[in-house]
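Letters A, B, C and D name the chains as they come in the text, with residue numbers starting at 1 for each one.
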Amino acid sequence: MRPIQLRLVQILEHTKDDDRIGRYCDLLIASMVLLNVTAVVLESFAAIYTTYGAWFHGFEIFSIAFFSIEYLLRLWAYGAVDPDSPARGRRDYAFSFYGVVDLLAVLPFYIQFLIPGLDLRILRILRLLRLLKLSHYSSAVEDLLQAIYDERRAFGAVGYILAIVIIASSALMYYVEGAAQPDKLSSIPAAMYWSVISLTTVGYGDVSPITPAGKVISMLTAFMGVATVALFTGIIASSFNKQLVRRKVIYEQELRKAFADGV
Amino acid sequence: MRPIQLRLVQILEHTKDDDRIGRYCDLLIASMVLLNVTAVVLESFAAIYTTYGAWFHGFEIFSIAFFSIEYLLRLWAYGAVDPDSPARGRRDYAFSFYGVVDLLAVLPFYIQFLIPGLDLRILRILRLLRLLKLSHYSSAVEDLLQAIYDERRAFGAVGYILAIVIIASSALMYYVEGAAQPDKLSSIPAAMYWSVISLTTVGYGDVSPITPAGKVISMLTAFMGVATVALFTGIIASSFNKQLVRRKVIYEQELRKAFADGV
Amino acid sequence: MRPIQLRLVQILEHTKDDDRIGRYCDLLIASMVLLNVTAVVLESFAAIYTTYGAWFHGFEIFSIAFFSIEYLLRLWAYGAVDPDSPARGRRDYAFSFYGVVDLLAVLPFYIQFLIPGLDLRILRILRLLRLLKLSHYSSAVEDLLQAIYDERRAFGAVGYILAIVIIASSALMYYVEGAAQPDKLSSIPAAMYWSVISLTTVGYGDVSPITPAGKVISMLTAFMGVATVALFTGIIASSFNKQLVRRKVIYEQELRKAFADGV
Amino acid sequence: MRPIQLRLVQILEHTKDDDRIGRYCDLLIASMVLLNVTAVVLESFAAIYTTYGAWFHGFEIFSIAFFSIEYLLRLWAYGAVDPDSPARGRRDYAFSFYGVVDLLAVLPFYIQFLIPGLDLRILRILRLLRLLKLSHYSSAVEDLLQAIYDERRAFGAVGYILAIVIIASSALMYYVEGAAQPDKLSSIPAAMYWSVISLTTVGYGDVSPITPAGKVISMLTAFMGVATVALFTGIIASSFNKQLVRRKVIYEQELRKAFADGV
């Protein structure tokens, strides 16, 4: 049994680059995910759903069967990864990021039978969680998240500054314009919506200042927004450069070694 | 014949820097392109088109003749580039990026005679394709595209994250506010318009949230937008730096060599 | 007495990393600050304040007692830092950034008894100053501010350019559209609100150009805004890289030394 | 006479860092500029102008006298810079950037007597040109402009791409929504206003798409806008880094030399 399980892990995780079956397997799962997303998007058109509802339902049953079998196969195959204990290998998979994503791809469907009165629309949104399965196949996303994770301390600092700016600007706006626009700025959390939409420079314009003091606060908030975005971008750019420099230092060391050997 | 063809390629591609005829040729074609764009822009004013319609039509006929002759000259001249096979040199040009652009500059005009009922306005937009001919003369654009192409893996990852954020935010918005704003958020694709306009921090404000849950989703979407823009910018900045570092490593190596020679 | 004072500084400033009491003390003060901010935010809901007003008042009295004792303890403890003069140690603390923040956390409460007719809502905003106490516990914020401070000369230049762009664009807009939109662009300062909201690319849309000349000014202002944001971001990214390079130079020097020793 | 002239240049240009008179002179001129800007801003309030019009007029006459004398003094003093020909030193100053700025600070006032029917409001805007005199005193601005100038080739490429995107998106928008919104998108130049406001992510919302095709074009334009801003920022960040690297290479060379000498 163990060789079959190990081969299955090899195929499902596509660990070998020149593995043709592994690549077809990747493509099949990715296609199923994209078809599922397309289905959820199309179903949202009332006219389409009314006409083809049965087809969508059929496809969902098929998808659930497909992803359930995939999940069970993975769970079974991972039993062989740890030579001492099958349970440990399975638990490691089940509690890994991808194990949780694979489970979340099918779980909501089964839960609806346990909780009868569940809103079916929430189930539909949850089907979009299947999108996360695609990241199985993209190591670039992991690199990106790693670069962000490496700078978590700097992002924490920006987050702290951002929180202070949001709270301060929304509190000021609430006290200054709360009386002038009671429908839009009735509380600090209501003013926070204005603050975030201004700081991120989105600026829908559904809430905008009408008093001179409010306009001054808006201008300051807009500047703080630009500064925060710049800080954010600066940290990310510097994080990517850090990776670059690290690789370069290694490269130069080797160059120097080769140089020293040659001389 | 061959020397004439080769000289023609030299002139049309402006391969020699100190070639006066080549420079005049560049200037002539660039001027024709800019005049064409100006004509398309001016024609869009109803008042101007009504009055000077005949002039614009005459200029278009002249332009078609000009660009057609240019295309045929290039096609003929490229026959001499490959010494073994004229057909191969011509095919290489015809299927290159610039060959396709040169063809697209005139093709739509001839197509209208094949398809009689064609909307003339589409023909006018297609005339703007001639703008791409200008990039013949700008190697900086190629450098830029190269820098972006070098980072295609990182951009792919950002694109994947962006796609997830767009789909997730628009699906959530549709389910949360679809009932409250049936005219604006009637389907997930409709909500995608809101999502993209928010994520890119454009924020026209023609679709904005009205329920508290929708406002929370908007705020999260705005933050994700800022993060995505920052990722994007960080990758591009890092890509330019990579070029910089590469050049610097080469420079330092030469410096070190010179240094070692001197000592 | 001195050993107790020095131990108290150690706990309150959490100078030793493995100090359990210091960590609990940090956590306690941070929790009080967050509870205070939550209270201010919740109080802003009229319905909540009407029902639970007495509770909020009680919590404020308790907070004032807590932060007052904390401030007095710090003031007392810092008397031991300078062995020669207790007054100097205390003065150094009292006039340091954190000393001022700690004082501002409680001072507004006591001031209301001196100035009887004071607007109570201003007192509530001032309670948000307690948020700044959190930065006691975040050295990352200091790193960030240091990076910005290192580039103050470049930021000064961007600030100067920004000021010129704001004044020029608002003056132009006022002269061009002042007559067309007298309610929104009645003076240069009024036009400055439009200018800042445009330059920062927020663009609420409450003030937007209606004449062709005004639209041209808006387009130029929007471009200048993008350029300014890019300059800003570029300086910050470069400042972070400078830190990076500085660290790398030190690292390489050590590497080279180790290398030379080994050879 | 020559020593006096040279001393005057020294004072007016503040070439010696520890020159007290030079510093006072700088401060005096900078204060006059800021007072002039304040005056122009305040005059724009109709109520203030009506009441204090005479004062503002008096201050303007005083300012013109002040800046005229300053200009003439500079012109006279620069006659001594070139030992061979006074005319050449004066011409060099008069046609330098600062010479032109100094002239523009006073010229509009005198021109009104030559052209009697001139709009007085244009004269007021032109008084803001005096702001540029401040850059006399900020070398950081020159560094900034130098960094931008060094990357003019890359900026040219971005500008070319931007021009194509603006023309293409506005032409598409005009053809797609021109009929649906004839009041807002009546011509390609009118659509360009929408295009620029979208590309720069300002998004006032005064012109926004109403047809599905227009919304798709808007989404693409918004993405192109984000990409252009990112390119822009990346080039600027990379330009600042280039300066950094250049300085670092020099620093390392010196380090290496010192190292080689020591060994």
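Assume contacts are C-beta pairs under 8 Å (C-beta built on N, C-alpha and C of every residue); 3 or more make two chains touch, one makes a residue touch a chain.
All of these numbers come straight from a predicted model, not from anything done at the bench.
Q: When the contact pairs of A-B are compared by residue number, which of A-C, A-D or B-C has over half in common?
A: Copy of the A-B interface among the listed pairs: A-C.
Q: Looking at where chain A touches chain C, is over half of the residue numbers used by both copies, so same, or under half, so different?
A: different
Q: Which chain has its C-alpha centroid farthest away from the centroid of chain A?
A: The chain farthest from chain A, judged by C-alpha centres, is D.
Q: Calculate how many whole Å lie between the centre of chain B and the centre of chain C, each centre taken as the average of the chain's C-alpha atoms.
A: Roughly 43 Å, centre to centre.
Q: Between chain B and chain D, what's the gap in Å when you average each chain's C-alpha atoms?
A: Once rounded, the distance between the two centres reads 30 Å.
Q: Which residue numbers or ranges of chain B touch two or more of the other chains?
A: 201-205, 229, 233-234, 237, 241, 245
Q: Classify the chain contact graph as line, ring, star, complete or other.
A: Drawn as a graph, the chains make a fully connected set, so complete.
Q: Across the complex, what residues on chain D touch chain A?
A: Against chain A, chain D makes touches at 201, 203-205, 233-234, 237.
Q: Per the contact definition, I'd like the list of chain B residues that touch chain A in the complex.
A: Chain B residues touching chain A: 153-154, 156-158, 160-161, 163-164, 167-168, 171-172, 174-175, 178, 186-189, 198, 201-205, 208, 215, 218-219, 222-223, 225-227, 229-231, 233-235, 237-238, 241-242, 245, 249, 253, 256, 260.
Q: Which chain B residues qualify as touching chain D in the complex?
A: 37, 40-41, 44-46, 121-122, 124-125, 128, 131-132, 134-135, 138, 140-141, 143-144, 192-193, 196-197, 200-206, 228-229, 232-233, 236-237, 239-241, 244-245, 248, 251-252, 255, 259, 263
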